[in-house]
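What follows is a set of structures for review.
Look at the two complexes coming up: chain A is in both, with chain B in one and chain C in the other.
Now for the complex of A and B:
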């Protein structure tokens, strides 16, 4: 009998699928919010013309890539390879990504617990975090969104209702 | 800068602690350019459960790793030699030790033989020079640790290896593993760490960096050990004790071996009794000895043991007695939580007199022998003074 045996690391298909779908949907929602929400639009306007960022988990993904192409914000898919990115938000592992994206842990708490690596300039990272917070407020019911964002914003009812409708419609229909 | 009192503090160990800390291992390995680690662990039930958790933590990393789960306290250099050859054949580029005590000692010696490219690991000795960085070594601590896992020391087959490069690069303390052992294992681990920390914290050569570590670690253990052993504190208390234990190794690397450590280690070498148990029997008698010697700052123990508020309200002249009283209460509480059958002296712990003679002989050979021998004799023959019934706490 061999003294040392080789063991292959297992798989986490459910968690991987959840994180993948969440990132895909969020990426599409960022694209939609940039067209529907003034604040998100302003945040992207202040960023470089060719700005792109990715968010995902180490070591093997999944990822989402969002960037500006010809002035419009677009979801650029799930493959960051070979694409210049100004900012990379890397969650250290799939388990941490699952914690964050199932709202068991807020982004702020995950950062405190050293689960996220930010690779890029701080102003870019802060702008993207503000955008992601707004998108989460649009996408999620208040009770869940409060777990995800540091401070739940006080928006007029009109912005919340019409914005949510617009973001969901654009995300699902993809325009 | 005062040239007469140079301060040096080296700690190459990174501590990665907290909820799901294990899942960071693949990323930490990639930071060392390692992708194919060898996991070394023991055969006992807690180690097997911990192993399943560790393997699950690698999920989705796509890694393949080697597994050797046969470390025992009789593992020798011949086994290390076989492991070294296997590592070279199968290209394992890092070592992960899962557990404590002899598992980590074996991992450290294996790392030396691999990194120094020793042709025959059976020829390694304590004199083998270790002057440079070794291969990545990561330690995943479990409840059975002794505190020396994070230190720059390894004891293997009666030899003592020392080098700052022996210390692991990374120590992982995950609540899922910290709480896995029974209360007795957590108690022994915490008491061994507490013994070494207390000795370092009151030692005559003051070092602010080391004191910062020992202060924090003493506080972590004092606040959490009783709850962790009794099972009231859950994973949080056990993880806090784990952190204290890990820090105690860093402190030990920057101090010498003092009386308590020597006592605990000699009894462990002869009879395999956990140093924590021995140290809990001797701690207050040893501190009493230090009190009568010049230069030991016993009052420094009061602050980490009592907390900020009590420290602020205390008078400086009361702090030595206060610290000893708190320590006495802490040890008594922990031993109570360990259960009624916790041995009160070495005889009850199963050390027969012929073995005790061996212990005494070894202690006598030490420069501190004149102090250590009477202490050990008392520990065998009678109940240590602070454990006697009716003793005020």
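Now for the complex of A and C:
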């Protein structure tokens, strides 16, 4: 009888793929929003010139890395290794990431329930969380976005329509 | 009662509370084999004669202890390093912090260095950087307010490099907290009033903010019934030992509650006002508490209404219609602030425009409110507030708190 067994973490390919695609798309959308939305621009302007942050799940990812390069905000891929990051938002495991990214739990409640570890300075984390909230409002239909953010913003129609068009277009075309 | 899908709660601090708790502390230290503790304090506490009381109590069961009273009003890395070297050189085996928040933070910093044999405290900053238990530490609070005797955080400032290091770990919880009525008997009414309101704000925010849970709720309610009843008593009659002890226990209960469920807008704006204008923390809490309640009432009205029971008692709670209870809680907080204002001869400010320094100069000019609103966006307490608060919301609340007018709740942008 086998008494000792080497237990490996489950691979959960569907959830991993979903989380990976969501983070990739969100990273691209943050880059797009930083070029289209004044509030997102202001948030990044207030951060250090070489600011970079990553968000992903422990222990094995997936991750997204976003940072400023030569004054422009860019999606820097899915590999956080070997790159200095001012901030790492680490979701404790894939299940928690799936809960958050399928909007079964808002980002605020996930933080409150200790599902996210913030590694870095708090003001940076708060700025990134505000940016992610704005990006979610752009990307998601109102009904779903309301589950993701604490307060659904009352934006002028112009910002809502043109902003969403610009963010989606830039995200999909990658400029 | 809200039972969250998931929550965490931890308080493993041994509490000794009573009129002679310090003498019992000496016994417990001796039982644990501690031979030479280092008392860490500041000159104010030592000058008030409190260290003499602690020293006398310790000498009942311990042959030796040392006293260092060089802690500044703001924790300082240089002092932490100096006292850690002193601890090592003298062969101490425990730290006893006697004082307020700065003393507690300094003692925690010393304990990290001597336990981890660390050269650079910065290596242990952040949440979760400490991986193992530290050496024994005892907290003896000298105000009934901060609750730092039961909190798992410390903030140490490096004034030379202009850095503020924050530490968060369950290992930072003191092994023991001693609540002895003698430690707060000499606190003047003005300080008593604002530190008491600080404790009340801990209990209330812990009860209605997002991370509330059944265990923190129980601590909040118990804290409020003690604090609300005794605060005017100790402000008016500082020598009332029974009321002082009940205040100390209430503040400790509130500390346990908020360190497990966090705080929201009241602390968010209070931290910002403190950093921009230097207003004492407790006074900020007293001023902002009714506004934090009003701002979040559309989301947490029913929960806030439950606070009426420990504040006003069963009869008034029953007589007040459910939808009126939260508003009644706000009016009772305002009534308490007015009473404290009266008892302190006007020193306990009820609104920001009433806050003055020792020379009578206003500390919060109206034109700095936008700066405070911006500073509040950098503070983590906002995460736990039930309603989102952006720059404009902060300005709106600050304007009302400056004037001392109730918040126009119709202007709160509901989520």
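By our rule, the second predicted complex is superposed on the first by the 167 of 175 C-alpha atoms of A that agree within 3 Å, B and C clash if a C-alpha of one lies under 4 Å from a C-alpha of the other, contacts with A are read in each partner's own complex, and residues count from 1 in each chain.
Assume a residue touches a chain if its C-beta (ideal position, glycine included) is under 8 Å from a C-beta of that chain, and two chains touch if they have at least 3 such contacts.
It should be emphasised that the depicted structure is a prediction, and the values quoted were computed from it without experimental measurement.
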Practice prompt. Identify the partner contact of A:6: answer first if only chain B is touched, second if only chain C is, both if each is, neither if none is.
Written response: first
Worksheet item: Who does A:113 touch here: chain B (first), chain C (second), both, or neither?
Response: both
Discussion item. Contact-wise, after the overlay, does A:122 reach chain B, chain C, both or neither (first, second, both, neither)?
Written reply: second
Discussion item. After the superposition on A, what does A:95 contact: first (chain B), second (chain C), both or neither?
Written reply: first
Worksheet item: After superposition on the shared chain, which partner residues are touched by A:60: those of chain B (first), chain C (second), both, or neither?
Response: first
Item to complete: Return first, second, both or neither, reflecting whether A:16 touches chain B, chain C, both chains, or no partner chain.
Response: first
Item to complete: In the overlay, answer first, second, both or neither for which of chain B and chain C A:83 touches.
Response: neither
Worksheet item: Once the shared chain is lined up, is A:42 touching chain B (first), chain C (second), both, or neither of them?
Response: neither
Fill in: Those residues of chain A which chain B touches in one complex and chain C touches in the other
113
Worksheet item: What does chain C use to touch chain A in their complex?
Response: 4-8, 126-128, 166, 210-211, 262, 377-380, 382-384, 387-388, 413-415
Item to complete: Spell out the part of chain A that touches chain B in their complex, as residue ranges.
Response: 3-12, 15-16, 58-60, 92-96, 99, 113
Fill in: Of all residues in chain B, those that touch chain A in their complex
18-20, 23-24, 26-27, 30, 38-39, 55-68, 70, 79, 82-83, 86, 90
Practice prompt. Give every residue of chain A touching chain C within the complex, in rising order.
Written response: 108-109, 111-114, 117-119, 122-123, 125-126, 129, 149-152, 154
